[in-house]
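Sending over a structure as structure tokens; questions will come in a sec.
Going by the order they are written in, the chains are A, B, C and D; count residues from 1 in each one.
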Amino acid sequence: MTTLRSSVLRLLCWAIGIGFVLYVPFVLNTRTVFGYRVGNMVLLNLGLAQVDLMLISIIGAVSLNFLTGCAGLISVGHAAFFAVGAMAAAAAGQQLGLPFAATLIAATIAGAIAGVIAGLPSLRVRGLYFVLSTLALHFIVVFCFAEYQYAFHDVAGVTMGDATIMGFELDNNVKWYFFLLPFVVLVCVMLQSTLGLREGRAVLAMRDNELAAAASGIDVRMLRLKVFAFSSAIASLAGALQAYYFTSVSAEIYTLDTAIQFIAMIIVGGMGSIRGGIAGAVVWLLLPSVLVGTTVELKVLPGGVAQFLVGHQPQMVNLTFGVLVAVLLITAPGGLAGLARSFAARGSRQGSGV
Amino acid sequence: MLMQFLASGFMLGSVYGLVALGFAAIYKATRVFNFAQGMLMATGAYLAVTGSVVLGLPLVGTIAFVVVAAGTLGVVIQWLLIRPLAGRPLLAMVMITIALSIILRALIVIIFGGGAQTLRLGLPEGSFVLGSVRISAIHATAAGVSWLCMALFMVFFRFSKAGLLMRATADSHEAAVLSGVNVNRINATAWALGTILAAIGGVFLGQLQVASVELENIGLLALPAVVIGGLQSIPGAIIGGLLVGLIEQLSSGYISPKARDIFVYVPLLIILLVRPWGLFGERELGRV
Amino acid sequence: MPTIRHASRWKALLLSGAVLCLAFNASARAANFESPQDGVYADHIDWGMTADMSGPSSGAQNPWGQGFQDAVKVVNEKGGVGGRKINVLVEDTRYDATAERVAYEKFVSQTPALGTSGMGNSSAQTAMVPLIKRSKLPVVGTYTTAKAAVEPPTPYFYGGFCGFKEMAQTGVGFFTDHLALKQPTVALVHLDVASGKEYAGYMEAAVTARGGTFKAIPIKVVAADATPQVLDILAMKPDFVAIHGVTTTSILVMKAMLQYGINAPAFAISYLGTPTVYDGLGPDAGKNYYFVSCFSPASSDLKVSVALSAAADKFGHSALKDDVNYVAGYVIGNMVADAIGKAGAEPTREKLSAMLNTGYVANTGGLSSELKYTPTDHFGLTALKPLSFDYATKSFKSYGEYADFGKYLQ
Amino acid sequence: MEIDALSMRFGGLVALDAVSFKAVEGAVTAVIGPNGAGKTTLLNCISGMYRPTSGQVSFDGHNVTGARPERVARFGMARTFQNLALFAGLSVLDNIKVGAYRHGQSGLLEGALRFGRARREEAETDAAAREVLDFLELGDAATMLPAGLSYGQQKQVEFGRALMQRARLILLDEPMAGMSAPEKSRMVGLIRRTRERFGTSFLLVEHDIPVIMELSDHVVVLDFGRKIADAPPREVQADPVVIAAYLGD
């Protein structure tokens, strides 16, 4: 009886969730719910452009979480893989004139190759030294991108072609949303799936105990390269999508800060789980907007405080985020996903107790 | 030309070496790889602004203020952020220092505004000629003070009791705990020293240009400097800083300023692959 | 019966009252045009503004934003535009193309605005040209102007800051004549980023047009020292030096030039003519430091800057009024209010941009060179003038009127 | 498995000095010796964790000297560790499944796309792992994290992972260390039943002499890196050299 009820409940939850995900872009685009116009703060001061960019970032965050959270390889070079994807898309799409879909594939392959090269130091060095090798990689890739851009494209940026798939042009945010959503779902489902099977399990084993993994017949060195290739291929794909979404990219946008933001996302969301990567990207990218919206709307605070908050809004947002990361690191190493898990576990324990 | 590049590279490298030394002190004692070192350096420049402009202190007073404030800041950081994370994985340690730099940056901008601040401490200006090389007084002062601080640190590290304990803790954390060393106090001392060294570097870089949060990016050069020199080696950090300064000047002078990234980070990558323990570090023997 | 009649009388009274109310409402509505999807309401107009307020160029863009907001506050205190107050929606974009795009789309439909100003990132502008054409939200008065956005003119995009090409031509022209040179030898220290490369191109064209010799010397944004650049300058022995960069690099270059005894004058791009730079340089290095600008710092022309000074003092920005970036923001803020007024009593995005497209000239009261848009030119500002700082009187000094330097522009 | 003149030096320290012996197929061979005799070093050299300075290890007709641990494992040799080496983030069932890695083929991409082979392998692995869990009598703990089990149970999980490898030879590094008496007897029982059921050979390093006497067919005694005895348990127990090594100085 309870199982029946819970399965019906679950089905209902899924239906509502899917309905929500499919309807949200229209709400954000027209700012109306079933014909009724809604206030900005009702929608938490969010826009569809933010959501689209968030979808791209989810792909990046999830792939970094696969590398860092699941395989234990800390990388500050994730922005570099985005740059590799954008560079490959520029070369394939603009210089060779390949169609959009083909450039995405080219970017993915280029990312995989770059990932293997970036992973080579992992054969020799561990931990901190490896982090530094990815740092070096970042600067080297950005340098190469800049030289490539100045040599073959405009100094102001590489102009990308139209994103057209079978005559269907992605020229507004709603179309992009429905184009990106399947990518996100596919990437998350694929990563989740492989983590439960033979080699994915080996990845987790390698993270937890490298020697025991090797003694179980896992070639940790090969596996590391594979994970690197896999993760960077996905990140490159996201980079190419981002380049097309922007319509023009420049080497200057791939900063170390971008890479650090990806790390912050997985820390906030929770290391080593796909859900953590998603949650982290959502919080990291949407919270500033919500915070800004609320500080502007805040009229309950005394005048001086409100004025101070509004006057120093950008700094207050940065401060909040720095503190958020520090507090989560100290009090909840599992991030938001970990908090949710322990909350659910407590709930079920209480439930069974009653 | 070459001599001039070498001279300016040496002087710049001395300041980098100072910041890198602070970095190495923190790493050696507490095993924390401090990505906030650049921001601590920028904080030093703003502390000098506070001392000289806001409080109107004379040069000596400002320097005393910077040292005391930076030391306190280091202790507070260790107590508030680093101690609760003891024994946690590498990424947590790396990330907490990044969070620290975000927080410091936001606080500085809230307090001082986003614009740059002029820092005039009344240090000697002008320049003099030494052989075929022209040296500015401020560069020479910066290099001189850097070497003085480095020497003081080495003396402290080698001969004082706290330095001895610090070295003991660096060699074996467990052994230090077992023999009754107050590891927390040692770690706090290391953070205080590291912050002070970074802050002094920041005072000079702020004096060479202006005090701004963007100094962080220059301070981050301490990272490759330390690794090229060897993470475990205190003299290595200084030499690494010098090398980065020289590489920067020579590559800008003879090739292009952008080439600096390549000439700093490609050798870094090669060193990581061939000699991960750095040019002057000692090989750590792995054991199952 | 009488009770019934009594009741019906009450009814009639109520009804007529309601009709009156409705009529009054309708008439009031007719008087106060609203177009929420354009951010125009009965009592206020929403207007967007983006600037880097916490990122790498916040040092320059923050004053610009303050100037813009102060100008709008003054307009609002005088009653606003056509009875509507202008409500500035501020977004911090951290010099990040992504944030710039998000903010723009926000003003398009989320918190609809009549137009937006700022957008001080030329890479973002280049990337957003198709988006701006599609979204039709006017960008009026940008802090920098990307070549891709104005050549050819992008509909709904209107510049608002001095152009690199004009800076190069004015600077080279003025110093060549001022120093009575035939064929100038010019060294340029520029950032090794996109805008620096663009400026180097204009500089080279301006110098070679006069048969001179030119050398571009790149410097990194995060440079800690400018010795290699200055040694390059020393070897070249230029008649004058041009500087493109940020506050720190210009201070480094000028101080190093002083150290090596290079006495050639240097002129910087407009953004770098700020009190911060002069303060950082000190009188010895600062006496050779000039800049070209299409905006006048308050102290350079005390006659025209009365209103600007009053506004700056009133809103606690006295320290900024000599900052060309603040002045630029102030001028653009006034220009926006003026343009909305000229778009008619019932302003919409379409009407605003139609008005700007057919030809618009702003009255900036002499704080800037002529600010105008034509169907073929969306750049806005044309003439510049050279300026420098007099440490003795602590005021900026200009070397003529804007009109005097129009001859250098091609 | 045959070990021939195996030596291992760390700098000036000689940990193993030309040790030679044979582990007969199907038998339990025990290596004993005082602390610092080089027992764990021996296991590490055999299983590929260390590359021996000289000498040869051959297993099942292959020369595996200096091969990396994963290659040694692929030849059919499994091992457990002196200090537990479980995967803390994986459930007990998954910990055991990792042992089946060498029998599979499917890679990351196949897993991501859920190709037929990946799913088939997973079904087989799952069935086998549950069988192993039942064999260990740990069926109830399948979804728990290892940290939730007792020390003895964790040792069993590690043993189960080795079983899952379907190895011909299992190296056990102090399997009884830190166990209570009932746990020890369970472990002894497990080793016996494994040997009967699968014909697996064992090479174990152990301190617990009664257990050795009860379990092993053959005993090798090391002292300061040198082999001082190599005989059946009874003879070793009576060997004066061995007694001297244990009781002397």
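As a working rule, contacts are C-beta pairs under 8 Å (C-beta built on N, C-alpha and C of every residue); 3 or more make two chains touch, one makes a residue touch a chain.
Quick caveat, the model's predicted, so the values are computed rather than measured.
Participant: Once you count every C-beta pair in contact for both, which comes out on top, A-C or A-B?
Facilitator: A-B
Participant: Quick check for the class: compute each chain's Cα centroid; which one is farthest from the centroid of subunit D?
Facilitator: Chain C.
Participant: Starting from the mean Cα coordinates of subunit A and subunit C, work out the distance between those two points in Å.
Facilitator: 35
Participant: How many angstrom lie between the CA centroids of subunit A and subunit B, rounded to a whole number?
Facilitator: 33
Participant: Just give me the whole-number Å value for how far the CA centre of subunit C lies from that of subunit D.
Facilitator: The mean C-alpha positions of subunit C and subunit D differ by 74 Å.
Participant: Mind checking the centre-to-centre distance between subunit A and subunit D? Centres are C-alpha means, answer in whole Å.
Facilitator: Computed from C-alpha means, the inter-chain centre distance equals 42 Å.
Participant: Please list all residues of subunit B that touch 2 or more other chains.
Facilitator: Within subunit B, the residues that touch at least two other chains are 106, 109, 258, 288.
Participant: Got the subunit C residues that touch at least 2 other chains?
Facilitator: Expected reply: 53-54.
Participant: Can you list every residue of subunit D that touches 2 or more other chains, as numbers and ranges?
Facilitator: In subunit D, residues 49 touch at least two other chains, as defined above.
Participant: Sort out for me which residues of subunit A touch subunit B in the complex.
Facilitator: Within the complex, subunit A touches subunit B at residues 68, 74, 120-121, 124-125, 127-129, 131-133, 135-137, 139-140, 142-143, 146, 211, 260, 263-264, 267, 271, 312, 315-316, 318-319, 321-323, 325-326, 329-330, 333.
Participant: Along subunit C, where are the residues that touch subunit B in the complex?
Facilitator: 53-54, 56, 58-59, 62-63, 192, 218-225, 227-229, 231-232, 235, 246-248, 251-252, 255-256, 259-260, 276, 279-280, 282, 284
Participant: Quick one: which bits of subunit D touch subunit A in the complex? Just the residue numbers, please.
Facilitator: 47-49, 68-70, 73-74, 78-79, 81, 85-90, 94-95, 97-102, 104, 106-114, 118-119, 121-122, 125, 161, 165
Participant: Please give the residue numbers of subunit C that touch subunit A in the complex, ascending.
Facilitator: Touch residues, subunit C against subunit A: 53-54, 90-92, 94, 96-98, 101-102, 105-106, 109-111, 122-123, 126-131, 134, 146-148, 193-195, 197-198.
Participant: Using the touch rule from the top, collect the residues of subunit A that touch subunit D in their complex.
Facilitator: Touch residues, subunit A against subunit D: 190-191, 193-205, 207-209, 211-220, 226-227, 230, 272.
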